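Order of writing sets the labels: A, B and C. Residues in every chain begin at 1.
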Amino acid sequence: MTKTTQKILLDLVTYAFLTAGAVMMLAPFLWMVATSFKIPADQFTHTLIPNPATLDNFRKLFSFDLNFPRLFMNSAIISLLTVIGQLLTCAMAAFCFAVVKFRGRNLLFTLLLVTLMIPEQVTLIPNFIIFKWLHLVGTSVPLWLPAFWGGAFGTFLLRQYFLTIPRELVDAARVDGASLWQTFWRIYLPLGKPALAALAIFTFQGAWNDLLHPLVYMPTVPNTTLTVGLAFFQTQLTMGGRFTVLMAGALISILPLILVFFFAQKQFIEGISLSGLKR
Amino acid sequence: MEYGLRPLGREKFWFWVMLIPTLIGLTFGALGSILATLGLSLTNWDLLRPPTWAGISNYLALFNNPAYFKALTNTFKFSAMYVPGVVIISLFVAVLMNRKIHGVSIFRTIYFLPAVTSAVATALVWNMIYGRDTGILNYLLNLLGQPSICWLCTKNALMSVVVVNIWGAIGEGMIIFLAGLTAIPREYYEAATIDGAGTFDQFFSITLPLVTPSIFFQTLISTINAFQAYDYIYMMTRQGQGDSSVPVVVFSIYRNAWNFFKYGGASAQAIELAVLVILLMGFYFWLERRYVVYE
Amino acid sequence: MKKTLFSLAMVAILLLSACGGKTTGNNATNNSPVQITYMEWGDPAELSVWKAIVADFEAANPNIKVNVDVSDWDSYWTKLKTLLAANTPPDVFAMDAPLYLDYQSRGVLLNLQPYIDSNPGMLDGLFPNTLTAYQTPDGYFGLPRDFQTIVVFYNKDMFDKAGVPYPKSNWTYDDLRATALALTKDTSGDGKIDQFGYVIDPWDFEPGMSEIIWASGGDLINADHTKTLIGEPNARTAFQFLHDMMFVDHSIPDPNTSSQYGGDLFLSGNAAMIAMGHWAVPSYSEASFKWDVVQMPSGPAGQATSVNSAGFVVGKDSKNPDAAFAFIKFVLSTAGQTRLAEMGFACPVLRSVAESDAFLKQGTSINQQIFIDSLAFAHMKPVFKGYDEWSSTIGDGLTPMWNGEAELNPTLDQIVTQADVVLANNK
């Protein structure tokens, strides 16, 4: 078998697997989209094409006294600030843990990971009390400020990535007289793009979909986030069996996430080229 | 010997600049959360009155609590299926997507969709898929001449929710692995090709060892997620008043803290859960020493 | 990445400045009116109604400003408990009557008795059995805002189609069972029942279970809340009756069946009758079929239904208790209760409003009077400290039985034992 036929064959297998998987990943989502255009009487039917199709569910959604632009704006600000804070502080910490040698490094890192282990259901109240002391309850500050003091998930993710960056690059840079900060800013940040993009996606998504924290820290609608605003009538729609409107709401709330993902994923294109870097 | 740069002279300043946000966070995170939870677990606190000292009674109570034991068993069963499922499937998907093929960004977006969609909406859709009389899955089974299965009845519910949770987590795992795969220098593959190594040889001799840092990360994070899984399980299997046919530990923590006025007891459950995860994590780190390859 | 970070930062700064100061605290300065917060559970439609009530109130009391904070049911309790734990509760907040003593006994509520005493006659027009739940030896720490009696909703179109006569106000549980059986059908012809005669909530006592227990001469719990009574013979008969409807007649869907239809089989057109409260009226009024309501049937011990109320309570350390009470007083007045009646979720506690057109002629064609008449034979949903844990223990315990995985009698025995432990622990 020649190299080319082998490649074509492998490509075919790849497409076959990916397509089969894509159908499974996509089917529930398509159903959601379809349901959001169905009339309520059809919400349990097994068809993917709404017949008749209607925009009433979206109209109903916007008829709620919710001020969607405002909710959307609040969500966008909080999510963006969270992304900025996390990218910056987690990358700096990850660089320290992956590259710099200092006493207590392992202990500190372990401690950091332990913070991931306690479910937020029980940490909510202690944290709330801290923000109450700081007089920040009732504002959006408690939602994005913590992003600026690092985080176990992001630090861990970036540290794992930074550890795989060839050390020759650092040694070469040091020989050329690069400082610690320059090593971080000129080598690790640019090379860490794929991992930073991954973290940006996760962080944005986490902040956007967060229900618990905006709920307790911020006042109610309209001064809250889109997720809280949607949850506000989700109970009623679920209990009232209005799944068509519920799906319309869910669809609208994830559009920004899909956009963010679509643009951020361009960072995963190809591997590092050792030869392409200045030695 | 552990690798590491030593900050020199003035660089110490930059080192602290880089580390200080995390140190502040640890003070808040570790002291504010862990120590507070630890402290509260030694009290009886109903949230409304000042806590009263309870010693280790909350921990002792866990041993005589069949509901908690059942929840713990479910959590372990859930994790045992969920963690390998997520890691293996998302690695497989990421490796396929890392090949240079057309339309890959569309595939990536499709695979990521479940991860972004609101849990309430997807849980509803899955309920419609799993429905015993009305669901599409049994409809298809019946077409094939098979009898209907009650997917969300107590007997099968654990399996069914594991499938949905894996489905929802593949997108995130895929991203971790895609990022990890980009870190493998292209030259390695070029050299291997010149040496005549085939695709599968390359996967086992280059890709797999070099992606172990990501596998390590994903396994650890999936384990934590498995131990704290809540959304889908709650929405698909809830019954009674906040109970579930697959009650997991987080259910028990949530209900004790928020419904039954037993924040101390809930904290004790959370600490015990954390200790179990930490033990597991110790095991992972031992595995890391042996098997994970860093550059 | 540098550039991306920079542009992200710029976008964020722009956004921040575009709507700067969007969240303000409620610190009143010297000259501005007193600010109070009213927190409750509800949905967007209720929020609009409360905004209207607050506007009326503020017009009458220009020196008080009310911030309304509404969340959905689950979120509400999480938020409320967090605020209470941090010692920053809202001034006025909504309370579900059964949970009232869980809060009152822990000393976080303000005693309203002095305020009631200085407003003589204030409670005179209220239905007496909605008030009982809030009475304590030390006076009222809360007041009912609206009430809910359970009735049977029935799908008229379904009855017409099957040629079954509508239920009458003096019907019995045997009538209910026969009617339900006649309306249980496989309409699609695939061998599976998809139209059910009757729907109850198999976990919460309120819609469906407590009514038949009382009508059979049983009870849920003894008077001093130390003993669970659902295992006593009369209550057992009631459970057996429902069990037979579910597993012999199949006219009540089991939980695994009903969960396929989302939340509500009646609304989705898969059930002919449902035990339900007035809160369902707004969503049912959007149904595509005609429906009406009838009293709960009577059993060997006569007719019985359940009454529950949502009420107002005030945080003990509220900085503006006078303003808080003024707000409560306004909502309980004719003007406030009329607005509340118009919103259609619940029945007003003020008798004169409940019997007025504001409530009885709400634009729906159903017989609203039934909800008021049911008060005559209504039992109060139990109110005691530990209610939530007790009722969850029972609800969880019943689950295997309703799922068809456990027998009725051993299940009830086991539940009573467990529930009594909960009662003892909450003393």
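One rule holds for everything that comes next: a residue touches a chain if its C-beta (ideal position, glycine included) is under 8 Å from a C-beta of that chain, and two chains touch if they have at least 3 such contacts.
Every value quoted in this text rests on a predicted model; they were computed, and no experiment measured them.
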More C-beta contacts across A-C or across A-B?
A-B
Taking CA centroids for every chain, report which one is farthest away from chain B.
C
Distance from chain C to chain A - Cα centre to Cα centre, in angstrom:
37
Averaging only over C-alpha atoms, locate the centres of chain A and chain B and give their separation in whole Å.
15
Residues of chain C that touch two or more other chains: which are they?
78, 85, 261-262
Touching two or more other chains - residue numbers and ranges from chain A:
44, 125, 231, 234, 238, 243
Residue numbers in chain B touching 2 or more other chains?
47, 124, 128, 134, 258, 263
Per the touch rule above, chain A residues touching chain C in the complex are 40-41, 43-44, 64-66, 70, 73-74, 76-77, 80-81, 83-84, 87-88, 124-125, 128-129, 132, 135, 137-140, 185, 189-190, 192-193, 196, 211-212, 215-216, 218-221, 223, 228, 231-236, 238-243
Under the touch definition given earlier, write down the residues of chain C that touch chain B in their complex.
77-78, 81, 84-85, 102-103, 106-108, 192, 194, 203-204, 255-257, 259-262, 388-389, 391-392, 395-396, 398-400, 403, 405
Chain B residues within the chain A interface of the complex:
2-7, 10-11, 14-15, 17-19, 21-22, 24-26, 28-30, 32-34, 36-37, 40, 47, 92-93, 96-97, 99, 101, 105, 107-118, 120-122, 124-126, 128-129, 134, 136, 139, 167, 170-172, 175-176, 178-187, 198-199, 210, 213-214, 216-217, 220-221, 224, 227-228, 250, 253-254, 257-258, 263, 266-267, 270-271, 273-274, 277-278, 281, 294-295
So in the complex, which bits of chain A are touching chain B?
6, 10-11, 14-15, 17-18, 21-22, 24-26, 28-29, 31-32, 35, 44, 46, 89-90, 92-93, 95-96, 99-102, 105, 108, 111-119, 121-123, 125-127, 130, 146, 148-153, 155-157, 160-161, 163-167, 170, 174, 179-181, 183-184, 194-195, 197-198, 201-202, 205, 209, 227, 230-231, 234, 238, 243, 246-247, 249-251, 253-254, 257-258, 261-262, 265-266, 268-275
Which residues of chain B touch chain C in their complex?
46-49, 124, 127-128, 131-135, 150, 152-154, 239-243, 245, 255, 258-261, 263
